[in-house]
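Heads up, the next two complexes both have chain A, just with different partners, chain B and then chain C.
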Partner chain A sequence: MRATFQAELDRVRDQLVTMTGQVELAMSRATTALLDADYTLADWVIDTDREIDTVKTEIDDACFQLLARQQPVATDLRVIVTALSIAADLERMGDLGAHVAKVAKMRFPESAVPPELRATVLEMAEAAQAVVAKTGSVIAGQDIERAKELEADDDIVDRLHKDLFRILIAETWVYGVEPAIDMTLLGRYYERFADHGVRVARQVVYVVTGVMPTRPPAEWNDEQG
Partner chain B sequence: MRATFQAELDRVRDQLVTMTGQVELAMSRATTALLDADYTLADWVIDTDREIDTVKTEIDDACFQLLARQQPVATDLRVIVTALSIAADLERMGDLGAHVAKVAKMRFPESAVPPELRATVLEMAEAAQAVVAKTGSVIAGQDIERAKELEADDDIVDRLHKDLFRILIAETWVYGVEPAIDMTLLGRYYERFADHGVRVARQVVYVVTGVMPTRPPAEWNDEQG
Partner chain C sequence: MDQRTSTQSQPTTQPIRLETGTAARTEQPTAGSAWSKDTGAGAAPDRSATRHDVVFQARDVSVHYGSAPALVNVSLAIRQREITAFIGPSGCGKSTFLRCFNRTNDLIPSARITGQIDYHHQNLYAKDVDAVEVRRRIGMVFQKPNPFPKSIYDNLTFGPKVNRMKVDFDEVVETSLRRAALWDEVKGKLKQNAYSLSGGQQQRLCIARALTVDPEVILMDEPCSALDPIATAHIEDLMRELEHDYTIIIVTHNMQQAARVSDRTAFFTAEVESENDDRRFGRLVEIGDTSMIFSNPNDRRTEDYISGRFG
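After this line comes the complex of A and B, so read on.
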């Protein structure tokens, strides 16, 4: 009974790692689609979001079955409840990738990103992906040290997000309001994506150590101003 | 045993209804703080968000205890798992109210909303609040008909969100980029707030009927364009 339970729990963890990989690839390709105005790649990201939603439903069902049939308590119960929550975060990260892809499609055949902002967007995307890549290895190996690194990557995303706003409101911004709206939304998508990644890692830390890592709320929920 | 279980489950439902009321009041006051540039009221909203987070933690703990001690199956299990998910949505709605309040504070003593957009913002806020008010009565009474009305309110929010973008990119927009950035983020906060409200109501419908209400994904995940 115990061996079956552990095997099923391992399978849920594997699915979460798979889902993290899908989400990472989706956001990476969404960024390429955005910067290179690649309509086909943007469509791929949107299709993949639907696949990610399906994996999420499978994980929900598996967790539900585990709860119903195995009646776990203590740490086992905590692991399953946390897995449900992690799957919800990952599913949302897939949505955010699709949102980036939709902006790419909306401005096609132009790129939605003006030349002055390409570097910032690319850096933001890379930092956000560093978060999700580490998130995957935190889930796979329950690597607590990795989880700490990931908070630093999230700080980079937040800093770049602030840089982005500074560029948009500077006198040198010549593109007017519509591209500024696109960039505001894109900045928010990357920032939220990284936030969800950090949340996932924190939840793994909580399951492994029994203590939820805390930071001052002002830092954790940092917004534009 | 069964009576105790039902009493504890009722208590979780009451807490969810309380949380929905807190979230509704917070967003209502955040809107007033935004339109009237009321710094004190904005601070109240931010403080209330912390209280909402506390209620969320209490609901999580209560659900965890119910799972651990009562080992529920079938519908009871589904109700508890759904309660966890609903609490997460409501907590996020509280965050979004705090985000609106932070924009109000950032532009104080001015209002962040230019005169031309006051009516649109007020209508968006009212439609978003209609969603959450009905969400509360759906949770309290498991009223499936009410849940359907709520989707229509969400359509109003989406329509107003599109109107907002049209106003921002029109030739008549004289306020430049920075207020457009504020309005883009504010529009997104209200739209996400209503989306979470609809999600909560759908989950209640799912628990009551066993069928998750569906709409075309394009409508459900509607974005700027």
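After this line comes the complex of A and C, so read on.
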């Protein structure tokens, strides 16, 4: 029963998976554009962000229609309400990719990242990338075990974010204020990006179990950074 | 729509319902059973109890019509001054179960009830319990409005007259109509035939009529299924008002109605008796806070039913 409704719910989920893929690719290319000072690639990321915004609007509209017309309850209701929230997180992740791309463009033809920070940035980008890659499969498979792994992946990003700060405020920093601001923002973008990925995964846990996982209180302190 | 205001602004309408009866009850230590009819008129149980006091406790209740089971092994509690909704597919026994609470199944010759239902810790089916008194305290409203073919006024004085209640009829009529959120619409035409009212008004008249004999519990068997959405909204608002003073049990096919108006929801299902016999009987699947049942039910069958996947 309710075949049409189920098909529409499936379609919303498919769109979220697609959107996650777009976000993943955008951030991956933004990192490349940043490290390689690739202006064209940075432009591509910024264009893609607009497409991601469009998908977000489509998902919102579809969810709104389903709420208005199908009176969803229980799991169906959780699927739709969380889809709205997940789409908002993914849309924000797309924005953060575009922010990275804008930093790359701003410093062109130089690279915004000083040589001794390339490794840290790359590591952070890869950890953030790992979060979003898993996020996609968490949504597609409603995989709550994998969703829980994401918390640990996010901890890696948080640790790197702190490492980065330590370098920027050390006596040995020789690049001056402007690159320090760039690096502070970039570190923040990757850290937020991974955090949104974790939020998405938590929403999936909520869909499946009906209970929203809570973050261990100690970690709230980390978020201040 | 705001019945809260209208009832609160009429504190003088309160007394007729309880005072005399409650006093009479406590002053009659010789009454062997609270059910003996002569203590009845105007009497009502203490309503000062806290919100979660239990009115009915059903234990392993089964109902058979002849040899066929209609409902098997239902145990649940009905809390005071809450609205409990019974939902479930056709044939799940929810209406049968509802009728057990005021013993209207007694009127069906083939019906046989086993298990126990306690009403304020007293066995509802004990030999010395007067079924007529039970039905006074536990009123009922049906699917189709069924006013008597009499005037609005006479519809409302009928119960008090039959029960020989020593009350001011004009006051009973006004109070019950106000409580049923119907007074403003009919106060100028109380002598008109009840059939001149719209369907929704007739149903509110039936609710008002149920209130005239001062019940504690109101059973509602799909009270809105014959009404349009606006009349339905009136009844639902009214139920929320009445909940402050009465315990309500509602059987409804409209799951959104259960979700909107009830505090707790019980989900029943119809099970096939055996592989060779497709006769069905009802079972309780789960009962819980309505907010839980409609957001995260415990049982897969509840989820499937409320989300329209079966039934």
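Things to note:
Methods note: the second predicted complex is superposed on the first by the 217 of 225 C-alpha atoms of A that agree within 3 Å, B and C clash if a C-alpha of one lies under 4 Å from a C-alpha of the other, contacts with A are read in each partner's own complex, and residues count from 1 in each chain.
Operating definition for what follows: a contact is a pair of C-beta atoms (placed from the backbone, for glycine too) under 8 Å apart; a residue touches a chain by one contact, two chains touch by 3 or more.
These numbers come from a predicted model, not from an experiment.
Of the two partner chains, neither chain B nor chain C is touched by A:V174.
Contacts of A:G210 after superposition on the shared chain: chain C is touched, whereas chain B is not. Once chain A of one complex is fitted onto chain A of the other, the partner contacts of A:T75 are limited to chain C, with no touch recorded for chain B.
When chain A is checked against chain B and against chain C, the one touching more of its residues turns out to be B.
Look at A:A3: by the touch rule set out above, it reaches neither chain B nor chain C. Applying the stated contact rule after C-alpha superposition, one finds that A:H99 touches chain B and leaves chain C untouched.
In the superposition on chain A, chain A positions 71, 73-74, 77-78 are in contact with chain B in one complex as well as with chain C in the other. For chain B in complex with chain A, the residues that touch the partner chain are 50, 64, 67-68, 71, 73-74, 77-78, 81, 84-85, 88, 95, 98-99, 102-103, 106, 165, 168-169, 173, 176-178, 180-181, 184-185, 188, 217, 221, 223-225. If you check the complex, the residues on chain A that touch chain C are 1-2, 5, 71-78, 210-211. By the touch criterion stated above, chain C contacts chain A in their complex at residues 255-256, 259, 294-297, 303, 306-310.
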